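Some structures are shown below for you to check.
Both complexes below contain chain A, partnered by chain B and then by chain C.
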Partner chain A sequence: MTAMPIALYIEQIVNGLVAGSMYALVGGGIALIYGTMRVLNMAHGEFYMMGGYAAFYLVGRAVPPVLAIPLVAGLLFLVGAAVQRLTVHYLLRQDGWLFACIAATLGLSIAFQNLALIVFGEDYKTVPYYVEGILRLGDIRLPLQRVLMLLVAVGTLLAMGFLLKKTRFGWALRATSQDSDAASVCGIPVSRVHMITFGLSAALGGVAGAMLAPIYSVSPWMGLPVLFKGFVVVVLGGLGSFPGAIVGGLLLGIVEALGVQITSAEWRDVFGFALMIVVVWARPWGLFGKAP
Partner chain B sequence: MLEIRGLDVAYGDYQVLWDVSIDVAAGEIVAILGPNGSGKSTVLKAIIGLCRARSGTIRFEGNDLARLAVHDRAGIGIAMVMERRRLFPAMTVRENVLLGAYPAAVRHDAEARLGWVEGLFPILRERGAQPAGRLSGGEQQMVAIARGLMAKPRLLLMDEPYLGLAPKVVLQINDIIRRINAEGIAVVFNEQNVNLSFALAHRGYLLESGRLMLGGTGQEMLHSDVVRRVYLGE
Partner chain C sequence: MFQPLRLNALLTAVVAALAVLGLPLLGVGSYVLHVMILIMIFAIFAVAYNLVTGYLGLKTFGHHAFFGLGAYGSALISIHLGIGAWASLWIGAALAAAFGLFIGLPILRIKSMAHVAVVTLAFAEIVRLSCSNLKGLTRGELGLWGIPAFQAFHLPLVGEVVFSPANKIGYYYLAALLLGMTLLATAVILRSKIGLAILAIRDGEDAAESLGVNLTRVKLGVFGLSAFMVGVAGAFYAHYVGILTPSAAIGADLMILVIAMVLVGGLGTFAGPLVGAVLLTSSAESLRFLDQYRLLVYGGLIVLVVLFAPRGLASLRLPGKRVPGRPA
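Up next, the complex of A and B:
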């Protein structure tokens, strides 16, 4: 282990960053919904799964990835918005909405998995790399696919950050998440903000699914492990904090990659959850959350 | 401009308001008085739509408000300064104030109104870039009023505007409300303290246990036996 070349570590850190950027996309989506509606979306993994299938069919029909990725995002936005409007929207108005939303989204998760099983079949679908080739920087080798993943994630998250910070809708979303009654008194249509937020969250998950589809294969069950990763990320970053989810995602990716490097692949989740336990032990409200 | 008739409001099985009727004319300052738990806040919440009327009507400039969602009421000239300010603590003072002009109907001339509002509250310029959660209670109340004014209201509702404020700040707030009112904006606020209220209000209504006991001018109410009985239990 001591003789391990430094380049290998750098390569692992970069790989960790790539994986972490995907965690950030997934966790960012969960954080967005939790932060705005206090709803823990148990069906978030299925948005990711749908993104994977959407990418498989689009790329399979020779749609160039440059076009396919935005299409997946747009499609999942519509799916997410529709899911919110048809389910969570009604539950939020009732007593006991907290548990009702968890139960409903858990039900949706199971329903979507089985729907995918019926529609797409149980075989694992493989998606070709969006870009071939390897980037070489000295001793460091990096498949261009992973470089692309990082770029897409950074671009998507920057766009999201811009939306939240600089646009009128972003202000409305942040206001709604801080105090929804006060937001509605200001004239902000809170239910519409909730619906759009769900759509944006699903789009983030869909993009992650589309970008990871060439690395892992696409199946009806691909969402569940990702949902758990997403929860870890959100707890790390502080429940409902979007910047926290990004930092949490990157941190998780890097810790996992380095952990795997010094042990072996089956220890990956041990490092992930150990990181979460340590952070929650030291800061129960997460890295970016507010102390009570 | 505001006409409430026979308003009943209940939270579940617990009825809070019984057959309340209140009128506010354009440009008036009206106080809603009553002891703790008499339903003062509920009247204001029903006007803005944060709680629903079980029966009765609320009309603003002739329009029945029942059909309008809370967020639509801001666009037609009603603004509310909520109890305990309810600013967006993680957003800057400036963002909070500008959010007041969110409704499409008042968006176009928001910049001009911002100038006026900043004239009323110099603190907005001085601390515009700070998170609203860091300000003191009095400062937050100023920001909350400024946010309400950005919606270009003809009727400004203020839920417990003096709550938790130092006496000096209360005087400042009164001064501000008079200046707002001088622009022709009607103000309805609620408060327990009768003397404090009539330092400002033209007229008042007295609520007890959700029922309207009395309405009248400051002179009438300050000398009323009903007021004395409700407050002192004589």
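Up next, the complex of A and C:
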């Protein structure tokens, strides 16, 4: 271990940051929906999967990535909004809607997975790197693809932050998540806010899927491990907190990148989940939040 | 659950039990018995899941972990320690119950349903990953094979009772016995004072506590018992099929299937899980040629049932047919 040059460590940490920025996108989407609707979206991994397939087919049809990524985001926004309007929208009015929403999104997740299996086939599809080349900073070498991932993630999250803090829609969304009845009384169209929020969340998942498609291959089952990662992230950051999800994502990415040096890759997820259960036990409000 | 047992409910139960017990005497084929055995394994699982989720109101999504723990626990004990399947079944189930109590502790502290869902899912994922990573012990996804069957024994009047793939009648009656015990235990508990406490916790935790219900003891006890029942189902499954893989015995598909069964039959009803197990298992078997659409259908079914019949198919009323005393 001591022989390891410091540059290698920095490289690992930067790689962890890149992976973490993707976890932040996924976790941010889960947190957004939970924060506004108190719905735990078990189908979020499938938005990610659809993003991967959308990127595969767009890039395969020679659409330049600069255009493909926003297209994927737009497409997934529509899918997410449609899913909300057709299922969750009605479930939110039921007695026992908490469980109904979890069960229904779980059913959706399985249905989407197997629909993808039938439509796209079970073979793993590979997507070429969006940019070739390697960035060198002294001893540190970074593939430009990973730099691009980090830039896209930061850009997307900044745009989301701007949307939430500075726009009328963001105010409406935050008001709805604080108290949807009061927001409704003030004239905020709560149902529409819910629908748009679901769309935004799906778009975040889709962008993550599109950006990670060249690194991992695209398959109908790619969503589930990412959903679990997203759950770890939002629990670390405090369920429902968008900034918490970002910090939690980056933290998980770095911890994993350094942890692989110590343990083997196949036990990595076990430690992630165990860490999450401990956090839920000791600090259910997340690592950084305040106790209610 | 508190009202006296009505005559027609009792009659239905007796007729159903007689039908189950009489079926092998009609000389049905081995395939029918196989489907019935699968139905009964799933029914035990669904009844136990319903006890926690439907009656106690603790919405867990990780019960397949206990199925896997019971299955792998019993299989490994009978293979390596030379203990017969009759004993290892209970040890495997006890192992599942022990893990149930262990994971039950952090869950009890949490009031948020989303946290409970995430923690139970993650726990099941830990169990599955461990079973597929500990290749020296479980052979991972290659499959743990060579699991001994139940030893044959001699029964007066009946003769030799054997357990082999060729002769499924022994397995059939054992599965029926285990299901009967599960149902009896569930019924006795639900009709007792503890049953009242369970429902009180579901309907209002704080109110129940204020009336002197020991939340921790009841919740943990019910969760452990449910894990034990699921463990029994898993252990029986291991010795019945003789081969285990992590994805088949602890896969999320298993949980999806059981959730679909309980929702279709009716969450929090006594007969619901049984109806669901019969409907979904038999339809899956008769629609074998649609195999690639099976999970798509289950997923869609869960969504539709939750949307249109949240209390199960039994609560669906035909349009125009009104229930007396209830507005349409």
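Operating definition for what follows: the second predicted complex is superposed on the first by the 274 of 292 C-alpha atoms of A that agree within 3 Å, B and C clash if a C-alpha of one lies under 4 Å from a C-alpha of the other, contacts with A are read in each partner's own complex, and residues count from 1 in each chain.
FYI, contacts are C-beta pairs under 8 Å (C-beta built on N, C-alpha and C of every residue); 3 or more make two chains touch, one makes a residue touch a chain.
These numbers were taken from a predicted model, which means no experiment stands behind them.
Novice: Clash or fit: what happens to chain B and chain C when chain A is overlaid?
Specialist: Aligned through their shared chain, the two binders fit side by side on chain A.
Novice: Is A:Tyr57 touching anything from chain B or chain C once the two structures are fitted on A? First, second, both or neither.
Specialist: Touch status of A:Tyr57: no partner.
Novice: Based on the superposed arrangement, let me know which partner A:Tyr9 touches: chain B (first), chain C (second), both, or neither?
Specialist: neither
Novice: Per the contact definition in the header, classify A:Trp221: touching chain B only (first), chain C only (second), both, or neither.
Specialist: A:Trp221 sits against neither chain B nor chain C.
Novice: What is the C-alpha-centre angle with chain A at the apex and chain B, chain C at the ends, nearest 10 degrees?
Specialist: Given the fit on chain A C-alpha atoms, the answer is 90 degrees.
Novice: Which of the two partners, first being chain B and second being chain C, lies in contact with A:Ala172: first, second, both, or neither?
Specialist: first
Novice: Where does A:Ala111 make contact in the superposed view: on chain B (first), on chain C (second), on both, or on neither?
Specialist: A:Ala111: touches chain C, not chain B.
Novice: Who contacts more of chain A, chain B or chain C?
Specialist: C
Novice: After lining up the shared chain so the two structures overlap, which partner does A:Ala103 touch, if you call chain B first and chain C second: first, second, both or neither?
Specialist: second
Novice: Nearest approach of chain B to chain C by C-alpha atoms in the superposition, in Å, rounded to an integer.
Specialist: 11
Novice: Residue numbers of chain B touching chain A in their complex, please.
Specialist: Residue positions touching the partner: 48-50, 69-72, 74-75, 79-80, 82, 86-91, 95, 98-100, 102-103, 106, 147, 151.
Novice: Would you tell me which residues of chain C are touching chain A in their complex?
Specialist: Chain C residues touching chain A: 53, 59, 61, 103, 105-106, 109-110, 112-115, 117-119, 121-123, 125-126, 129-130, 133, 252-253, 256, 259-260, 263, 292-293, 295-296, 298-303, 306-307, 310.
Novice: Note which residues of chain A are touching chain B in the complex, please.
Specialist: Touching chain B: residues 168, 171-172, 174-175, 178-179, 181-190 of chain A.
Novice: Name, in rising order, each residue of chain A that touches chain C in their complex.
Specialist: By the definition above, chain A touches chain C via 34, 38, 40, 87, 90-91, 94-96, 98-100, 102-104, 106-115, 117-118, 224, 228, 231-232, 235, 239, 266-267, 269-270, 273-274, 276-277, 280-281, 284.
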